[in-house]
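All chains are identified by letter, namely A, B, C and D, in their written order; residue positions are counted from 1 within each chain.
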Amino acid sequence: MTELAAVKAALKTQAVETPSWAYGNSGTRFKVFAQQGVPRTPYEKLDDAAQVHAFTGVAPTVALHIPWDKVDGSDGYAELAKHAEERGVKLGAINSNTFQDDDYRLGSICHPDAAVRRKAVDHLLECVDIMDATGSADLKLWFADGTNYPGQDDIRARQDRLAEGLAEVYERLGDGQRMLLEYKFFEPAFYTTDVPDWGTAYAHCLKLGEKAQVVVDTGHHAPGTNIEFIVATLLREGKLGGFDFNSRFYADDDLMVGAADPFQLFRIMYEVVRGGGFTPEVAFMLDQCHNIEAKIPAIIRSVMNVQEATAKALLVDRVALAEAQAAGDVLGANAVVMDAYNTDVRPLLREVREEMGLDADPIAAYARSGWAEKIVAERVGGQQAGWGA
Amino acid sequence: MTELAAVKAALKTQAVETPSWAYGNSGTRFKVFAQQGVPRTPYEKLDDAAQVHAFTGVAPTVALHIPWDKVDGSDGYAELAKHAEERGVKLGAINSNTFQDDDYRLGSICHPDAAVRRKAVDHLLECVDIMDATGSADLKLWFADGTNYPGQDDIRARQDRLAEGLAEVYERLGDGQRMLLEYKFFEPAFYTTDVPDWGTAYAHCLKLGEKAQVVVDTGHHAPGTNIEFIVATLLREGKLGGFDFNSRFYADDDLMVGAADPFQLFRIMYEVVRGGGFTPEVAFMLDQCHNIEAKIPAIIRSVMNVQEATAKALLVDRVALAEAQAAGDVLGANAVVMDAYNTDVRPLLREVREEMGLDADPIAAYARSGWAEKIVAERVGGQQAGWGA
Amino acid sequence: MTELAAVKAALKTQAVETPSWAYGNSGTRFKVFAQQGVPRTPYEKLDDAAQVHAFTGVAPTVALHIPWDKVDGSDGYAELAKHAEERGVKLGAINSNTFQDDDYRLGSICHPDAAVRRKAVDHLLECVDIMDATGSADLKLWFADGTNYPGQDDIRARQDRLAEGLAEVYERLGDGQRMLLEYKFFEPAFYTTDVPDWGTAYAHCLKLGEKAQVVVDTGHHAPGTNIEFIVATLLREGKLGGFDFNSRFYADDDLMVGAADPFQLFRIMYEVVRGGGFTPEVAFMLDQCHNIEAKIPAIIRSVMNVQEATAKALLVDRVALAEAQAAGDVLGANAVVMDAYNTDVRPLLREVREEMGLDADPIAAYARSGWAEKIVAERVGGQQAGWGA
Amino acid sequence: MTELAAVKAALKTQAVETPSWAYGNSGTRFKVFAQQGVPRTPYEKLDDAAQVHAFTGVAPTVALHIPWDKVDGSDGYAELAKHAEERGVKLGAINSNTFQDDDYRLGSICHPDAAVRRKAVDHLLECVDIMDATGSADLKLWFADGTNYPGQDDIRARQDRLAEGLAEVYERLGDGQRMLLEYKFFEPAFYTTDVPDWGTAYAHCLKLGEKAQVVVDTGHHAPGTNIEFIVATLLREGKLGGFDFNSRFYADDDLMVGAADPFQLFRIMYEVVRGGGFTPEVAFMLDQCHNIEAKIPAIIRSVMNVQEATAKALLVDRVALAEAQAAGDVLGANAVVMDAYNTDVRPLLREVREEMGLDADPIAAYARSGWAEKIVAERVGGQQAGWGA
């Protein structure tokens, strides 16, 4: 197999999980602009996600969010899974929500009141139950916990509570199930956040055990943070569980991945490839908000952006790079990396898609498909999905 | 009059405008935690604001937000003003809202579609009509306008539209009316913001004329920005119209002013005093979100924080400071400033309050007053006020 | 002429000025790593700069720094200019230095002591004398002035001194001479900087007059600042005098332009093109520090990076973009811009170079030329040039 | 013992280590402004440090930097230690330097070339030898290692080299000796830094063992980073070895501790006290650059700033705080903390000093002492100490 053939083969194995909530409405604290045709049910979200997979070929799974995607009945999730499979996709990670109940004003798993912590942990345990029902392998945990004012709560006591709650949930995990712990620099808490950086997530995961892994959300860092360094470090430590992809110019802007800094995305993907992270053990997930742009094409574009960054990362001439690095040739080594980055990989990806039996241009093909018009016409009435149950 | 007497006299003249919307519910994009006893109407907001003034003595006016505080009837605003005055406060600045209609998804006054721009300008003109009715002197303009993605719209064309819209509104201003233009680093737009910094606001105000002034919201700057420098510069240029006070550790966190960096607030107040800005021409306004803490006491605390910073600023020994500065005595000059900052001015402010016939401890006095219990008991049913009309 | 021909024609007219000091040694406060073959005199710096132009064809002028490039004798600068022209380049902007004398510990043009201010202004006037001698059109002013501690000096008084000093220098400018005023967020001052942002530079230039223009150094902004917005705004105001190009991940890192965020460079160049700034009135200058990499090839690479970003900016389909923007098509408009950015313009630039009679690959051609070996062999002894006279 | 007596007793036990290099010249990459009277030898640095201790009573030890403080002879360090003790101080931590040799252009312990790594590790081992000779307990390691350009070197391979080098040095540590590993966000490396954050330092220390501890330099974080959270976390993990105190508005400005954000310093000291870190196991060290201000008084002021923050931290009413926190009383809990912060502790510290037999006002007492004039008069000729051997 030639090198290019190997790159193409690798690209065909790529899997980017799309999140059910990205198909629903989202916005800022100032306004949620509703869009026409937005899904009203988890079933309709899966229908949309199936479109993304149908046109890209590399978005085979869909993350659920509980309770936003909660379904009733003893075999509700089995039916949901079946619905997904009938449309060509599968259910992916289960995402918990411990930030939208009134009880969570001062936190959830870190709350000063044991009763609230109990409620939060029970929700997480319920999420594992749902994983059993859906066959999901990953429990993705993001905590909005933190404080807004100095002194509001005890920083260290909150860590103790966090550790205790995570331990109970970890014990509940079955074989083949993982806990993915996400960190976030700030928001919605504005003074302390209880899992604010990779170091904190790593320290907790280390104590929990092998099934606990860190998730890197690319929008959750302080200004200037070198994310690819964190990726390289977590892979070296065997603790990188996956990514929540998006992009940002400022804070957690949740723009389309690759939209704000495509060079950074490429550098991240290079560390993934170089560190042996281009495997099913590292989950590639999107976590974005399409506040003003059309959602399905935005998600297709996002998947393609990940593909393009991956293709460039795979094209880096690692032999030449290693030689230049060993020789201390700063400009030469940089040039090897830039040569891959500056390559226009879109023709390559068109070929890949055609070899996969897909249209070379997913955006155009989706536009021609009539799906957008169809959902606008059909999804009338009901309650559009958003950040609510 | 001794120097201390002069400081006390100055402190008694201070006026901090509180915003009607701070008495209502607010939150983040993740969740708005409703609080008990929150006002349901503009009238009830004024009732709460009157409490703040009653206990602090230095919060005599209340900013309105249109349409959140819109009232019906030909003399609706006159009645509202009368209600305020009966409770001991007055109506203050009128704040416009061009970010919550569905039409504003891609902007308002900078929108690519002339019809949307027309609608936005009409709203601003209506706000001036309301100023006429309320007797408000200041029209405070904050635009959420901007873009989320490179290329989404033309940066420069949006500036042209902005200039055109502002000019029309400026022409409508009557005698004694001003336009206060606010800038903001980012949010809710995540790539460009159409008035992102003081330079942009300044350039527009300069062209508009004397009635156009810049508002400094203390939470609307890039990390590390030296806000007191901007204050000094705008005062030197005669273009500082006022402040929206709040504090932040990260982005536009909207915490209580002085809560995150009290030293910065002191430095800002020092430049106000030094630059001749401690006059009615520079409006001191709060613009905060009490997402998790009780609202009225938080606003009382905020007013007190502004008072304390002002007291410290007034206590700076400017003669000694000028001498040390002229001598190039870096440590000596810094020590003069720090000496004022390190002074505990709370006893002084207790005296000031007692001389004004107030309780020395506004927080305790408010707590004893029973107002908090009363509004929880009485404000049952109806729609609590929040960021909506 | 076809569109591509027009793009190529435009690229052939590009002129990127390289700075004499970039050929000398530089470093951080921790260490300056000397390199072999570094010039010892302004003449040798010009020799190196001529190499950059010889291989790129678009670096025809060289900025001087006074006193680092000071030459003696009544016709010293005329000889220097002649030396340059014999090697195929010309002298460019004159850069002043008011930060390295012991007198400047507390500032130069803003210093509290009038005698120090006099000295600083005299230096600036001397720089205009040198412009007369060299035929340089631009006086580039960067001030290290500022303070390290709150209270150290009076912020506003320093602005008054700045205005006064600039006015005197402005008056001295002859026909066809400009003053380019640079701003910088921070460093070497760590509390206030006297020209910290574009707004301050703009306000001063506005008062000075038409010959005073703002320079945008791409590394001199707060984290997250949208530089292309500033570029668009300054062009709209007729106040963009030029660029100091470099790139940064953190502070003023002074890395090779395009090395840290090539997408940002492209967006900046797009605003230049869109705003009518791709003319001789807007100076494109490099201002970089090649602390650890070989200097001449780094500068060649930097010039090429500017070319590539310019080529992409010129390739943006502005008709399609305008249509998508007018239609409010967020994704479509973004796609037009990204299409240009994702294009591999290196083949196009190779053609451009060949049509200009140059080697298609400047880096390889320089490496083959033997210049690097020659200067290492010949430049033995003497005092290597660095950040000193 | 009353509570206040306990606070005073604690304050009397405080020990702040001052760094030998802070008594010498320092500056920015633009200029080092030399000051009169600056020490020429390690002996003279100790003389100055002894003055700081003589007037503050809480600066009993002095950190050395190798090779800047290298002394010759078989018992050179014993003599240096004796010199210190004769003046009333002791030698403290040994600081290594692997950033100023020409060999270190591309790094030291992480360098791609094994020979350079060997040299760096040998230097660190030599530092432990010096610790044996001086009786120092702590080896403080800061590495300037990193890269400036993407691709320049392999991020992960550098971590492997770092781990290997640290392990060899760790093995060499004797009983009672510790390795304190410092992290830094950036500078002098501008793309990657090999120990950029507490997580990386923590992960390495964890593997090395109990004698390896993390040092928090208060200036070495990304904008907005919550340092007290890191302090609380490291104390909880038993991995906080100490502090390098300084303050900053922007990057690693190295201003006097407490000068930029005294409230942050207080919050940090509160977490130290709350987390049981106010013990000899957590080293309080200064690491500052007095570029423009007089050095000895700046260091005295810095020590006093640490004392004031500590006093306020000790004054927090922890019982009331715990009650408010348990009750979820956001404003009440914050008020408890602010009450301590707003207290003017200078009178208390004057009492503490008088009870220690010291002048109540160290700055004034030093000024009266004539030391400043004496060193200016006596230290004539020779080579002033700076950042060089």
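As a working rule, a residue touches a chain if its C-beta (ideal position, glycine included) is under 8 Å from a C-beta of that chain, and two chains touch if they have at least 3 such contacts.
Every value quoted in this text rests on a predicted model; they were computed, and no experiment measured them.
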Selected from B-C, C-D or B-D, interface repeating A-B by over half of its contact pairs: C-D
Selected pair, greater C-beta contact count between A-C and C-D: C-D
Centroid distance [mean C-alpha coordinates] between subunit C and subunit A, Å: 40
Whole-Å gap between the CA centroids of subunit C and subunit D: 38
Residues of subunit B whose C-beta touches two or more other chains: 105-106, 148-150, 185-186, 191, 223-224, 226, 249-250, 259, 263, 292-293, 330-331, 334-335
Residues of subunit C defined as touching subunit A within the complex: 223-224, 226, 249-250, 259, 261-263, 292-294, 297-298, 301, 308, 330-331, 334-335, 341-344, 346, 363
Residue ranges of subunit D in contact with subunit C within the complex: 26-31, 33-34, 99-100, 102, 104-106, 144, 148-150, 185-188, 190-191, 223, 248-251, 253, 255-256, 259-260, 291-293, 387
Subunit A residues within the subunit D interface of the complex: 105-106, 112-113, 148-157, 159-160, 185-186, 191-193, 196-200, 202-203, 206, 221-226, 228-230, 232-233, 235-237, 263, 267, 271, 274-275, 321-322, 324-326, 328, 330-331, 333-338
